[in-house]
Structure formats: C-alpha cells, structure tokens
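Every chain is named by a letter (A, B, C and D) in the order it is written, and numbering of its residues begins at 1.
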Amino acid sequence: MNILDKERKLLVLEKNISDLGDTESVSKLVEEVEKFKKNEMTKLSSWDKVLLARHPKRPKSRDFIDYFSKDFIEFHGDRLFGDDKSIIGGIGSIDGIVFTIIAQQKGSTVEENIKRNFGMPHPEGYRKALRLMKQAEKFNRPILTLIDTPGAYPGLGAEERGQGFAIAENLKEMSRLTVPVIAVVIGEGGSGGALALGFANEVLMLENAIYSILSPEGYASIVWKDSTKAPLAAEQMKITAADLKDFDIIDEIIQEPFGGAHFNPELTFEKTKKCIMDTYYHLNGLARTELQYQRNAKVRNFGFLQRFNYDNLKEVRK
Amino acid sequence: MNKIGETINKRKKLKHNIRLMNEESRVNRELDLDIPEGLYDKCPSCGKLTNMKLNIENDYICKSCGYHFRMRAIDRIKYILDEDSFVEKGIGYITLNPLYIEGYEAKINKYKKETSLDEAYIYGFGQIYGEPCIIGVMDSHFMMGSMGSVVGEKVAKTFEYAIYKKLPVIIFTASGGARMQEGIFSLMQMAKTSAAVAKHSSLGYLYVSVLTDPTTGGVTASFASLGDIIIAEPNALIGFAGPRVIEQTINQKLPEGFQRSEFLMEKGFIDQVINRKDLKKTLHQILHMHRRTI
Amino acid sequence: MNKIGETINKRKKLKHNIRLMNEESRVNRELDLDIPEGLYDKCPSCGKLTNMKLNIENDYICKSCGYHFRMRAIDRIKYILDEDSFVEKGIGYITLNPLYIEGYEAKINKYKKETSLDEAYIYGFGQIYGEPCIIGVMDSHFMMGSMGSVVGEKVAKTFEYAIYKKLPVIIFTASGGARMQEGIFSLMQMAKTSAAVAKHSSLGYLYVSVLTDPTTGGVTASFASLGDIIIAEPNALIGFAGPRVIEQTINQKLPEGFQRSEFLMEKGFIDQVINRKDLKKTLHQILHMHRRTI
Amino acid sequence: MNILDKERKLLVLEKNISDLGDTESVSKLVEEVEKFKKNEMTKLSSWDKVLLARHPKRPKSRDFIDYFSKDFIEFHGDRLFGDDKSIIGGIGSIDGIVFTIIAQQKGSTVEENIKRNFGMPHPEGYRKALRLMKQAEKFNRPILTLIDTPGAYPGLGAEERGQGFAIAENLKEMSRLTVPVIAVVIGEGGSGGALALGFANEVLMLENAIYSILSPEGYASIVWKDSTKAPLAAEQMKITAADLKDFDIIDEIIQEPFGGAHFNPELTFEKTKKCIMDTYYHLNGLARTELQYQRNAKVRNFGFLQRFNYDNLKEVRK
C-alpha cells in the first residue's frame, strides 16, 4: 500500500467518524485512525516520496511565492524569443528583504498545466531566468529559486533553440554571481532542467521532495527495460531529501506536516520561509567575492571518487 | 558501441608514439593496439564492407561515403597532436560505486580492459604544430562516454591545469550524457565542469570545444556548449534530449538531419562544421591567432 | 496626430499643478490648457462619440472600449507624479535645421505653439507617492514624437542628471522614430542615448522604460528597449519597422495584434503590460523595491 | 546622364577604340575618351554616389576580407536562434594583427543575394555580431566592422524576434567595449541597421559610399509622395562621405579609383587596408578605458542644436 492508498484510506476513516456523529463507537474509531496515522502514514518509502512530490494537490511555486511576498511583481520574457510560462520570475519582498524570485511552475489544473507545459521549461525559460539573475546581480539583490520540474522539455523546438546550450550558459553564469543564491527543491527536481536553477550557495529541500538525474521510471526502463519497476529504482537512485543530505548535496531539509505539504500548506510555507530567511541571514554576512567563492567551492567538491596514490595512501573524497 | 570500436579494441601490437607519462605517474598503461591486416568491417553509414586499415589511413573516414568513424581517445590524441608532444595528466582516479549498483564495478573493469583507459576521458599537455595547449578527449567506447564523478573531476582539473599553465583548452566531446549509475553525483558534474570553464574564461583564456558524434545529455548541457569557439565534426549527433526520448514525447518521427552538426550550425550553435582532415590545421590556426593572450 | 490630440491642444484655461521651473530657467511657458465642457470626440478604437472631459476623468481611457488615448507629455506628468513634485530640467534647447530643409523651422514653430513644448520630450525631477526619480516623457503630438538632435540630447541629459542625482530613471516613450529632417544627426541620437543608458546602468541605477502608443523606429532601436524593466500600456504599437513598411516588404497584410504590447510580451520583450489605471501604483512599487540601491 | 549611363557610354567608347585596331582615327577617339573621363566621369552628384554605392559590381565585404586577411576563419551563429548569413563574422589577421571582423554581406549574384537577404540582417545577425564583439573584448582583440546594408530587414520574423531590441542592445554594449573599434562604410550605410555595427572609435568611409537615416527613395516618398524624386532627396539629405566628413560624423574618406571601387578593386582594398591599419596604430596607443571614453565622448557630441542662454550668449554645438 503506497502513500496515496493510505491517504485515501485515512479520508475514508475520517469520513466514517464524522458520519457517526457523537456516538460511543467514535472514540474507538478515533483511536484506530490515530494508530493508522502513527504506524502507517509516517513510514514513507522513496517511492511514497515520489508520489508525494508529484501529488496533484501539492502546493506549487506560485502558492509559495504568494505566501512569502505580498508585493511580488512578475517580469516576463527573455528579451530574445518568448515568454516561457513554465518559469515564473520577478521580484518580491520577503520579511522586508527584496529577492529576485525564479521558480518552475506546474499547473494546479489541466488548463494551467498545459499553459505551464507541466513545469517543463524551454530554452527561453532558462534564458528568462538568466536575464533576471543578471538583473539581480546588477542591483545586488539576493536570488531565490524554487525548483519543481520533471525536467527540461525534450521537444523539437527546445532542441532547435539550444536546450543544452541554455542550461550550460545558466550554470556558467551562476558560478559568476556575487549575490546570495538560495535554491529550494519544493517538489520534483528533475535532472539538468532542475540544476539549471539549482547552482546555489545553499540548497534547501522539502522533506518529501525528490532530486534526481532522471525519473525513476526512466531509470527503470533503461536498467530493467520495465518502467513499472520505478519504485525499486526510486530506492536505488537515492533521490530523497534524506539521501541527498547524507551525500552533502543539499544543505537543509524542511520538515513537512503530517501527510505531506498539501495536508497543511500554510505550515509548509511558513517553515520554508523561515528556513529561507535563516539561510539568507547566514549568507548575508559574506562579502560578494566570498559568496561567489563559497558557491563554487561547494560544487567543486561534488563527486564520489578515489584517487590512486602511488605511496599507497588512499584519499577518498565525497 | 559500434563494430569499429570493438575492432579497434583488438589492436595490440601497432606501434604508437604517444607518451602517456607525467611526472606524477608511475602507472604505465598498455596502449599498444593493432589491427590485423586485411580486417574488414561494415561502415555504419553506407553499409559497405571496407578494409579497416585503409579507413584508418584515410583519417578514420569511410572511403566510400565520408562517414567519420567514432575515434578512440588515444587515436584522437595521436591524430591531432604533434608526435611525442602529449603528456598525460590526472592519472590514477578510481571510479567508485556510491549507490551500490550491482555490477557497476565489473562493468567499469570490463571497459578499462577493453579500452586501456581509466575512465571515459583523458587529458594532458600537448602541441599542435608547435602550439601548446591543454587537450582533453572523451571516449565514447568507454561506457558511451558517460560523465560520472571521475570524468567530471578530470574535466574540472583540465581547466585548472590550463589556468596553472596559462594555456588554452581544447576538448573533444563524445558522450551519451550523465552516468546514471552515479545518480545525483553525475548530475552535479554539470555544475562543476561549467564552473571550471567559467573560471578559466574569466581569466581571459581560450577554450575550443570540438563536438564529435555523439554529444548528448549532461555533457551538452555543460562544458561542451561553453567553448569560446565551438566546432563540430560533420553529421555528429548533438543534442540535450536523446532522439528516442523526443520521438516518444512528441509522438512522431524526427525530421532527417535533426540534431546533426549541420542543423545545429544553421540554428546558430556551432561556429563551424569541419571535416576531420582539416581539423588539425584549423585548430592550429585558432591557437596561433589567440597566442597574444596566452 | 489623432483627433484627441488636436482637441487636447485647445485646452487653454484648465488649471494645472505642474511647476515648470528650475534654477536655470527664466522661461515660463504657458501651459494652461482647457477643454470646453460638452466637447465630444470620436474614440479612435470603438468610434463612439464620447465626452472628452469624462474620458479625461477616466484616466484618459475610453469609457466604452478601454482604449488608452495618447496622452500629452504634460498630462502624463501630471497624471503620474505627485502634485507639485515636478521640476523640469533641460529647458532652452533650440532645434536647428542642419540640412536647410525648407519649412522645417516653421513646422517646429507650429508644434511649439500647439503643444506649448520646446520639443517632443521633456524631463525633470519628480516623485511618485514620495519616491524620487528622474522622469522623461515623449510627446507624440509634437511632430509624431520624432527624435532629432534636441530630443536625443535631452534624453542623454536625463541619464546624466540621474547619475548626478543618484536616482532611477523612468521614461515614457511615444515616437514615430528618428526625425528625418535632421538626417544623419537624428540617426546618431540612437548611439548617443544608448550610451547614456549604458553609463547610468553600469553605475547600478534602475531604468524603467514605459512604452506607450506608438513607439517605433529609432527610439525602439535605442533607449526605449534598454530598460531594466520594460512596461507597456495595453495595445500600444511597438516595433522597429512601421507596419506599412513591413506590409510593402512582405506584400501581405499583417496579422491582427502584430507589433502590439500583448504580442511583444508573448514574444519575450515586455515585462508587463499594465493598464494606465495601475501604472502609478506599479511604478511606485518598483521604485520602492529598488530603493536600497539608490 | 547619371554615372551608370556615363559608365555605359565609356564602355562603348572604349570598345569602339579596340574594334578599330591600329588606325589613324584611334588617336582621335582616345583623346575623346580621355576628355569624357576627365570632364564627365569625375563630376559626381549625390545620386551618382548612391548608384555607385549600390553598383552590382561594387566589391562586397567578403572581397575586402579576403584581400585583407589570408587566414580569416568565419564563426557562425548567435548561440540563440540562428545563423544570419547577411552578417559575416570571424577572426583574421591583417598585417600580422588579429582582428575580429564583422561585416554586412550583400550577394554578388542573385542566388547569393537571396542567401544573404540582400545584406539586410535579422535580429540574429546583430546578436551574432554582439557575441563576437564580446569575444573580441574577452581576448582584447581589435574589432573591424564593414558596413554595407540597405537597412535592417523589415519583416515579420525580424519584428517578432525583436529587431529594435537587438540593435539597441548592440549600441549599448558597443559603448562598453574597451578594445579599438574601427568601422568602414564600404557601400550603403542604411539607417539603424548600419549604425548597429557603426558605433566605433573611428568611422572610415569610402569616397562613393553613402550613410543615411533612410533611403533617398524612402525620404522622397515621405516628403514628396514621389519616390522618383530620390536624386533630389539624395542631394538634400547629405549622405555622401564628403557631407558627413563636413559634419564630423565620419573621420576619414578613403579615395576610390576613377569610376568607382569596381574599376580597380585591388587598389580600393589596398587603400582601405592602409587606412584601417593607420587608424589601428593610432588607436593602439590608447589604454582600454581611454578607448571606451573616446568612443563615447565622440558620440556624445553628435547633434546639431543650440541652447538658449539667458545671458544672451549663444552656444552652438555641432
């Protein structure tokens, strides 16, 4: 039984209770629900987290932004080719500090999902992001990115207009930024399409978010020629916040409420905001060149490898 | 891996002139490869059976149709650099298995044996008609040239060594993308290598990226696309998403020539598509014309 | 020039609150304009006859169809800036006739009289809900807002004054392009104004460009397009080549909405299309959010 | 009789001479030709220069480049959308100095003209130019631009992809360059489409080239509603090298051989090259910041206007 089945069962149980009204059997049922919550719904497999990260009711970037910032102004377009609606960009103040906010946006409805291309950016989306990052650099403004994408869109137009080139350019230019860059993986962090907004000074991640080099389905179909083995792949690939914190790839895990972010969005937003602002004030002490140095030094260390030492001294770097 | 790859693998006795030595290296790797006289193989493009030795003498280009065979890294180095000028750097990295994928080590060992390489990428100092540079070459015969932690590390080191030596960088790319088996670590190599390019570039040094067949995925979306000058060999597959993934997404066949060098040049992403026979000359010319800044 | 322009021209007695004074100016220009009660004009968009006074009270927007009437520079300043906050700068320029075009001086004098302006552009210091900025406004009623030497000079001065005052710049553009009658001098204003933007920008100051109907030609290809933030009023014509020139070139009708604000936003060139009623609020918000850097 | 008619007549006269062979009437004819050359073909109206600037046989940018530089390498593409063939860019050494060369290219044949879009760039052409200028800046390499365009292309795609934005961006970024920029107007310098490569430290101009805010035909059809009055417009608009030198808009005039550049291309190339290299060595003495300052100071002074001085002192700036 995965988390979605459990969630459904919980709703049935709770409905039963409210149907009963104020009878004696209620207390028994309440007890049962509490037991179910405690024993079943808190044990999440990697696959459960994949399901939660993609949950249709999970709050989207725009929901976070609207909670964080009452004065968010959206800026459109890459000044080159188009305005990619799968990436939202603009400025907004969070607790009095003006941030450049750049976020991948999935839709909450079918229509919005089509408009947002299911959160899968084209090159013009990444170029809009880069334009706004350079703007932030000009005004010495911190950058907040929210990551929630299945990946960069693999289509004709995207390839024609240089998807790989756009992502690479972002990575190169992000390494040059001298303002604080904070990235938060709020849902799916899919591949290079996520990393193109994720080269940050600090990477935060929601408890049930995932971040991976390809989708578990993709992995399963390559390795086992069977995409239904995705749950197994999810386990093997180490894509949860806890796994990535172990690897030191991310810096902070933001706890989600019981049942996942959508069980209590406000609480999720509040915790996320707190974590962002703590991180901001932590980074704010650094000089501009130090911010650039710190961001690059961090990435420079990513890798899991060993180098043969001829004096038989082994050095492992993780 | 195509047939020609396997064939070239078998070369064991052919004399070669590449020194794979540097001051820190006590590891001497067996690189004597040979192709028996009279070995024939099928050209992947025109399908003709051709004498491999003749094709190799023809700059690894099919005599019948002009197809550019995928070259091994060591052959590329031999082909592009001046005789005896190559000094390999960054020897001795060991690929680990961070996700404990069953069989990953064995696979790596198999490729090591087949290719006489540590990993899918080698780099070092070299000269092209006397012009010094730091050269890096990916090898698609080593696990499709996929980029894991070791490849990413060595690419980063390439740029760092070039900064130390105040030299331009030339990299020949050939990659199927990120190395799945190393999960998130592979992904992070994109940021690491791009940052290395940025640093070298900020200091005013030249970086020439030469895209060869195939250059896709995470390599395309990082250092491969970041050359000051980007050259491609004819008809190389170059793209972020693989053609099969795109076809599945859009549910139709891709047009002829899509994601090929010439197409990408038309779309503004490649400075020039250059035939392999002219490559060394052109690279020399580019290095020469940028010498003032070194 | 559309009808509404001519109509507004006739206002002569309406009290206004704009001070057109600065320390260097002894020139006091007659700016009291009025519209007689009960004057009706045709809306260029929906064609309805409407009471002008009512439209003006409705923020110069047609009550029937939402059409944004072309505003005179002085009305714009009055509309956007806080009462009594405007201090005009750069008064006293005289347009010359470098090519000795017959009738050019007379034409200029006619527009001067009609508009009570020296030229198609005015600028100065102002405040928006208390936030200080340097504001510049083009007036399409003055020879279609074309950019000659004086307009170019004043635009350059706008940025230089903003640098001196360490303030952001807001410019409302409205122009048919370069001023033909001044030949090559007009063309060079494109470089001059762009260089002025570059200098202001390099020092870290904000520049907000607000494109109003119409913004075409040399103004589009220089300072109008160079805002850190580019806002457009709804349905404004914005382009480099004029629609008629394009139609002649491609020999077909342009599609509906081509070169309009909303189209350009879709194509990635406009940050936001903003209704005139929300403009002041938005500009204030932008200025406020950039205050740290001033 | 305009210059093209005269040119045709000259060819007829010369043919007559060669048809006659070695007879007595030859010397008389030769005399007549010389008289015609001297009296007729050296008096050029502005319209004659327009015709020469657009002469189909007039050497094109690529011819100049091939003469200047034996090792020119062309670099294609804007890295964003396409490779505009109406602008050629690359690097080449001229007398041992490596330049970034950027040039508008008309075709010599109908096919080439179609390929080159008659020398009328799209935004991707200007963006390619900008990319190469930034590359030159990185490598501290002087920039040479050759200008020969009727103007930026006024088409659907060009407008959709931001023709005005691309030109403006070039002007802004050219003002920031700290390397020597030398522009040569070799044929038609049409409007903002020409200026986008023409914001230089020194602007050179061939004797019979033109540089104008719009075409004489365009001017005539706006002013007199009659495009056949273009010759009159050409006179009035002041668009020849001599006019612009008088205005201090350009810096040097490069003399063309008798009959125009196409009568002796080699000589034209050689003179142009000499003028470029003289200018280069003149600029080469300046520091990088001085180069930027000089370029901007020059443009800052462009304008023909007067400012009213309240002490009745009039100050004229040209």
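Criterion: contacts are C-beta pairs under 8 Å (C-beta built on N, C-alpha and C of every residue); 3 or more make two chains touch, one makes a residue touch a chain.
Remember, it's a predicted structure, so these values are computed and weren't measured experimentally.
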item	value
Chains contacting each of chain A and chain C, listed by label	D
Most distant chain from chain C by Cα centroid	B
Pair joined by more contacting C-beta pairs (B-D or C-D)	C-D
Geometric centre distance via CA averages, chain C-chain B, whole Å	55
Whole-Å gap between the CA centroids of chain A and chain D	53
Between chain D and chain B, distance of the C-alpha-averaged centres to the nearest whole Å	43
Centre-to-centre distance between chain D and chain C (centres being mean Cα positions), rounded to whole Å	33
Shared interface positions of chain A, touching two or more other chains	79-81, 161-162, 165, 169
Shared interface positions of chain C, touching two or more other chains	201, 267-269
Every chain pair meeting the contact rule	A-B, A-C, A-D, B-D, C-D
Touching residues on chain A, where the partner in the complex is chain C	71, 73-83, 91, 93, 98, 124, 128, 135, 138-141
List of chain D residues in touch with chain C within their complex	152-156, 158-165, 167-169, 171-176, 191-192, 195-196, 198-199, 211-214, 219, 222-223, 236-239, 244, 247, 249, 296, 299-300, 302-310, 316
Of chain B, residues touching chain D in the complex	201, 204, 206, 228-229, 265-272, 282, 285-286, 289-290, 292-293
Touching residues (chain side chain A, partner chain D) in the complex	79-81, 127, 161-162, 165, 169
Chain A-facing residues of chain B, complex	24, 26-27, 91-96, 98-99, 101, 148-150, 152-153, 156, 178, 180, 182-192, 194-195, 197-199, 201-202, 217-218, 220-226, 239-242, 245-246, 249-250, 254, 258-259, 267-269
